[in-house]
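Same chain, two partners: chain A is paired with chain B first, then with chain C.
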Partner chain A sequence: MNAIIVSALMGVVMMLSGILFQNKSLMKHLAAAGLILLLVANLLQSYGKYVIQVDTHNLLHFEQFGIFFNTIAIVATLIYVLLSGKDIENTGVHPAEYFALVFFVLCGVTILTSFNGLLMLFLGVEIMSIPLYILTGADKKNLKSNEASLKYLLMGSFSTGIMLMGIALIYGGSGSFGINPGTPELTVGGIPKVSYLTVSGLILLFVSMCFKVSAAPFHFWTPDVYDGAPSVFTSFMATVVKAAGFFAFMRLFESQSDLMGATWKILLSFVIIATLLIGNITAVFQQSVKRMLAYSSIAQAGFMLFALYAGNDLAKEGILLYAAAYSLATIGVFAVLIKMKDYTLDGFNGLAKTQPVLALATTICLLSLSGIPLTAGFFAKYYMLAAVVKAGGALWIVIVAVLFAAVSVYYYFRVIQAMYFKDGAAETSEITGGFKIGLLLVAGLIVLIGLLPSVLLNYFYF
Partner chain B sequence: MIPLLLISIPLLSGLAVLLLKDSPASKALSLVSSIATLALALVAVFSKGALHYDAAWLPALGSRFSLMQDGMAKMLCLLTAISFPVVFAATYNNSYQKSGAFYGLMLLTQAGLMGVFLASDALLFYFFWELALIPVYFLCSIWGGERRIAVTFKFFIYTFIGSLLMLIGILFVYSKTADHSFALASFYHVKLMAKEQAYVFALFFMAFAIKMPIFPLHTWQPDAYEQSPTATTMILSGVMVKMGIYAVIRWLLPMVPDAVSGHAMFVIILSVTGMIYASLIAIRQDDIKRLIAYSSIAHIGLMCAAIFVQNRIGLEGVMIQMFNHGVNVIGLWIVADVIEQQLGTRKMSELGGLAQKAPVLAVLLVLMALANVALPLTNAFVGEFLMFNGLFQYNVWITAIAGISIILAAVYTLNMIQKVFYGQVAEKVTNAVDLSFNTQLALGILVVLVLVMGLYPQPMINLTKDTVDAIFVQR
Partner chain C sequence: MPIQYYIYLSLVLFSIGIIGVLTRRNAIIVFMCIELMLNSVNLLLVAFSKMHLAFAMANDKLATTVGTDGQLFVFFIMVVAAAEVSVGLAIIVMLYRNTHSVDINFLNRLKN
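Here is the complex of A and B:
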């Protein structure tokens, strides 16, 4: 509750400060301070201390799992603002508004981690999405940014429509907006009898959530939007927002998946395989690193879907670890990408000579994304695979996933090859010492989690 | 404590050397560090019984940082520890750009290799398995030959796919262990049904077969050996291929004995096919490095076959041969490196008459080459004799076919000696000079090892006896 209130308030504060203060560079410090405040408020809640007591009439339900995810999202955003704050300022004329929108997105994220009914799910998704439509179009004079924004808005509204339809059908079938409809009383030969309305509603919800997390075959908007949006905001969209989408996805289907019986696993394995296939194979052919990262984010979504597939406790820990590992690494890579003059692979040629620190940090982030041991990404993938193996019975899907992970090494390592083994003089915009230290800290954190994931996960059980 | 130090000395000194940038001190420091490791490895060899080290690592997952050094591990750690100082000494005059990074990565590789041979926890084993790979990737891609990037990438992706499949295997076995632990003992005691054993066997063996490499998964190897900087190639072929053989003996054999027996014929046929195939290709090679690479595939094939015959004598042969093959192949690479550095070519067709210009080199190479052919009195004879003996007990016909590879080995090795060292003095050879002191020293140490192990192999058989016993007691 604390996080929802504070993030909404901070959004308003940022908007007003845009009017009150003329100094542009003040905004990012204000935003960072706001994020720290938000973090503190969120941590207080996990100790049972509230800023304001609100009776939500059971529409929201707070548990340690969700609060811990909030912490990860807020810390990731803080790192993002600290690393790329200057680039957010440079995107357009009203930086205060961008920061305000980021806070509103976080408000949506915090609702999505605590919803206890389909209505709140809907509100959370919308509060999270609408600011993103604006952020995508933040580069007003750039045609690609405008196109991406419009595309995102249209496709996003379409999926929202599908979601609403699904909610309506479920309401018709079960007479409730709750996400825990309980075991149906009627059974036919031991199999619970579920109304067709509920099942078709669930399938529609599934489709719309797949859309939000850009799982194939509902991924078509992702590359265009990620590529067209200003790179700073792509970084945010591909990490915090996407992870929150997964969290909501998992929370929603945790109890509902039983209702669909065997169909659920078939449907899900189809989506997982399609997502891994399309994401990985298409990423191989990209020349622009930014677009490659867009496809790779689809591929990573395929791996995160395993958390739904397994649906056990290990998967819950896994999604937290995956969210943290993936967000850290992607924010790191994007922070460097934004500084590059040329976004193509050739633009990275020889970066190790001109900017050794940047190259080293990017390498560690990329190693983490491809899941090499000693980095956080390894344990993220490890937990996902272990969760599925533990759930039992489906070794084939794990083997397919692993083969695609090997494909992902191909395109991540092409960037490493360009930086270290190819000749060239990669050009970057001005790099400050603080930026380098920040990047090294991110890289250090990735290695630390890669050596001792318990550092992060023990905290979850405190 | 010794097992921990064997890993941490190269690890820490490697990280320190990485920070030295271009300083010439990096070379000296890595030589000193590797000699210190060698001293420790010798202490381990002469200490009684298996050495252990154990510390908490990931309690939530049931994985501990536990190391175990029994006879086989002592022997392979000794091989690793001998290889690095020899390699550093032999290539002491080679200069590398960014030498700090080069030597740092080499030492990190050593740490990874030691870890693989010492780990007695499956997850830790997997960690070190990868840790040994990553520095090699950078070593080959930065300091390698012309086609280095593509070739090394192929090597990396091959082995990475293998490792990931092994990871699934590890996860699967882990989910079946009684106490949910990655410990070696728990893996040994796991109860698997026949079908599950077959899955686990396939997943693990894929990784090990790629690493060894076994026909038809060997295609990365000749290219990678040819394109890597020679110092790295020595480690790759001398020590790193032993990872695959070691892992089969340590993990696969005791864990899924029924599946190993069930697939033995299949694997042995593949290995023997690979031996003949690689030997035939080796005969046709003009490039010395590629010749040695294919000859190495043939030797590894024999070792793999001798493991799968699953008798005592064969396994003893493999134990000895793992060490001896490392010594011999590093010796051959040193000679190849000397030739390339001095004469600027590796093509046998452009060489000839080198014996007149470099008599010491010629004598040492002939000794190394005879060991490669496994002539009696050289070290390889003992190992190959035992392995063929084991193979003979398993199946006479397969032994006969595998025996052809001995003849073929003599053909290509002697052909190489003849073309490079005798005959007319070729144009490129006219400026050749004899060995420098450090190369003489390195080759001299190896030649002594060849002869000592050839004349008196019993200590080595005794050293690895406990591992062999443990494997056959469980059956």
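Here is the complex of A and C:
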């Protein structure tokens, strides 16, 4: 509750401070201070201390799992603001509003980590998405940004319509908006007896959530939107928002998967394989690093779907670790990408000679994304696959996933190869000392989680 | 009226909305079709709400509050739809200022 209230208030504070203070460079410091406040409020909640005691009438349910995910999301946003705050300011003429929208997105994220019914799920998804439509179109004079924004809006509200139809059908079938429908009666042969309305509603809900987290075959908007949006906001969209989408997806179907029986696993494994295939194979052929990262985010979505497939305790740990590892690495890579003059692969040629620190940090982030041991990404992928093995059966899907992880190494290493082994003069905009230190800290954090994943997970249990 | 009629009606409206989104080329009309989808859901929710109420009343004359959550949901959908429209129209206006057109066919610049 703390995080929801404080993030919404901070959004309003940022909006008003845009009117009150004329000093634009103040905004990023204010936003960073607000995020630290939000972090403190969220940590207080995990110790049972509330800013305001609110009776949510069972619409929200707070548990350690969700609160810890909030912490990860807030820390990732803090790192993002510290690294790329200057670039957010430079996107347009109203920097305070971008930070305000980021806070509103975080408000949606915190609702999605604690919803206890389809009403709050719907509101959380919308509070998270609507500010993002605006952020995507933040670069008002740029046609690509305009186009991405309209496309995102149309696709987003279309999938909202599908989600609402699903919710209405579930309501018709079960008579409530709860996400824990209870154990259904079993008929002969162990097939659960549920209304056809509920089942068709669940399928529509599944489709719309696949839209939101860009799982294939509903991923087609992702590359265009990620490519067209201003790079700073792509970084935010592809990390915090996407991880929150997965968290909600997992929470939603944790208890529903029994209803759908064996069909559920077949449906899900089809989506996982399609996501991994399309994401990885298409990423190989991209020349623009930004577009490559967009496809790689689809591929990473395939891995995160394994948490849904397994649905056990190890998968819960896995999704936390994956959210942290993936967000850190992607924010790091994007922070460097924003500084580049040329977003194509050739633009990275010889970066190691001109900016050795940037090249080193990017390399560590890319290694983590591809899941090389000693980086956070390795353990994230390991936990996901171990969860599937622990859940029993389906060893073939694990093997397929490992093969696709090997494919992903190829396109991530092309960037590393361009930076270290190709001649050229990679041009960057001005790099400050503080940016380099921040980037090295992110890289250090990735290696630390890679060496000792228990550092992160121990917090979850205490 | 039997509940099936309401289900069919709102499914038909919903399908008209989907077909409109997929086939029309004017951004504003696509947007109207999305609104049609949302409103067909509103109709369905109210119908289901009355259905659950009728079922509950048949068993227990005092169960007069059953189904109110469905109607409450409708209000939330209206509010969210309004927010979405305000953002959406702002985006369409922004696009119109830059291109002097609201045609969706224009949206293929990013596919290269």
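Convention: the second predicted complex is superposed on the first by the 456 of 462 C-alpha atoms of A that agree within 3 Å, B and C clash if a C-alpha of one lies under 4 Å from a C-alpha of the other, contacts with A are read in each partner's own complex, and residues count from 1 in each chain.
Following the convention adopted for this analysis, a contact is a pair of C-beta atoms (placed from the backbone, for glycine too) under 8 Å apart; a residue touches a chain by one contact, two chains touch by 3 or more.
On a predicted model such as this, the values are computed, not experimentally measured, just so you know.
Once the two complexes are laid over each other on the shared chain, residue contacts for A:Q417 go to chain B alone; chain C is not touched. In the superposed pair of complexes, A:V409 makes contact with chain B only, with no contact to chain C.
Look at A:A168: by the touch rule set out above, it reaches chain C but stays clear of chain B.
When the two structures are aligned on the shared chain, A:K144 is found in touch with chain C, with no touch to chain B.
Of the two partner chains placed by superposition, only chain B is touched by A:A386; chain C is not.
Of the two partners chain B and chain C, more chain A residues are in touch with C.
By the touch criterion defined above, A:V398 reaches chain B but does not reach chain C.
Contact with chain B, but none with chain C, is seen for A:L452 once the two complexes are overlaid on the shared chain. Once the two complexes are laid over each other on the shared chain, residue contacts for A:T263 go to neither chain B nor chain C. Once the two complexes are overlaid on chain A, none of the chain A residues touched by chain B in the first is touched by chain C in the second.
Within the complex formed with chain C, the residues of chain A that make contact are 119, 122-123, 126, 130, 133-134, 137, 140-141, 143-144, 146-151, 153-154, 157-158, 160-162, 164-165, 167-169, 171-172, 175-177, 223-224, 227-228. On chain A, the positions that touch chain B within their shared complex are 367, 372-374, 382, 385-386, 389-390, 392, 395, 398-399, 402-403, 405-406, 409-410, 413, 417, 420-422, 452-454, 457-458. Across the interface of their complex, chain A is touched by residues 57-60, 126-127, 130-131, 134, 138, 141-142, 148-149, 153, 156-157, 160-161, 164-165, 167-168, 171-172, 174-175, 199 of chain B. Residue ranges of chain C in contact with chain A, taken from their complex: 3, 7, 10, 14, 17-18, 21, 27, 30-31, 34, 37-38, 40-41, 44-45, 48, 51-52, 66, 69-70, 72-73, 76-77, 80, 83-84, 87-88, 90-92, 94-95, 98-99, 104, 106-107, 109-111.
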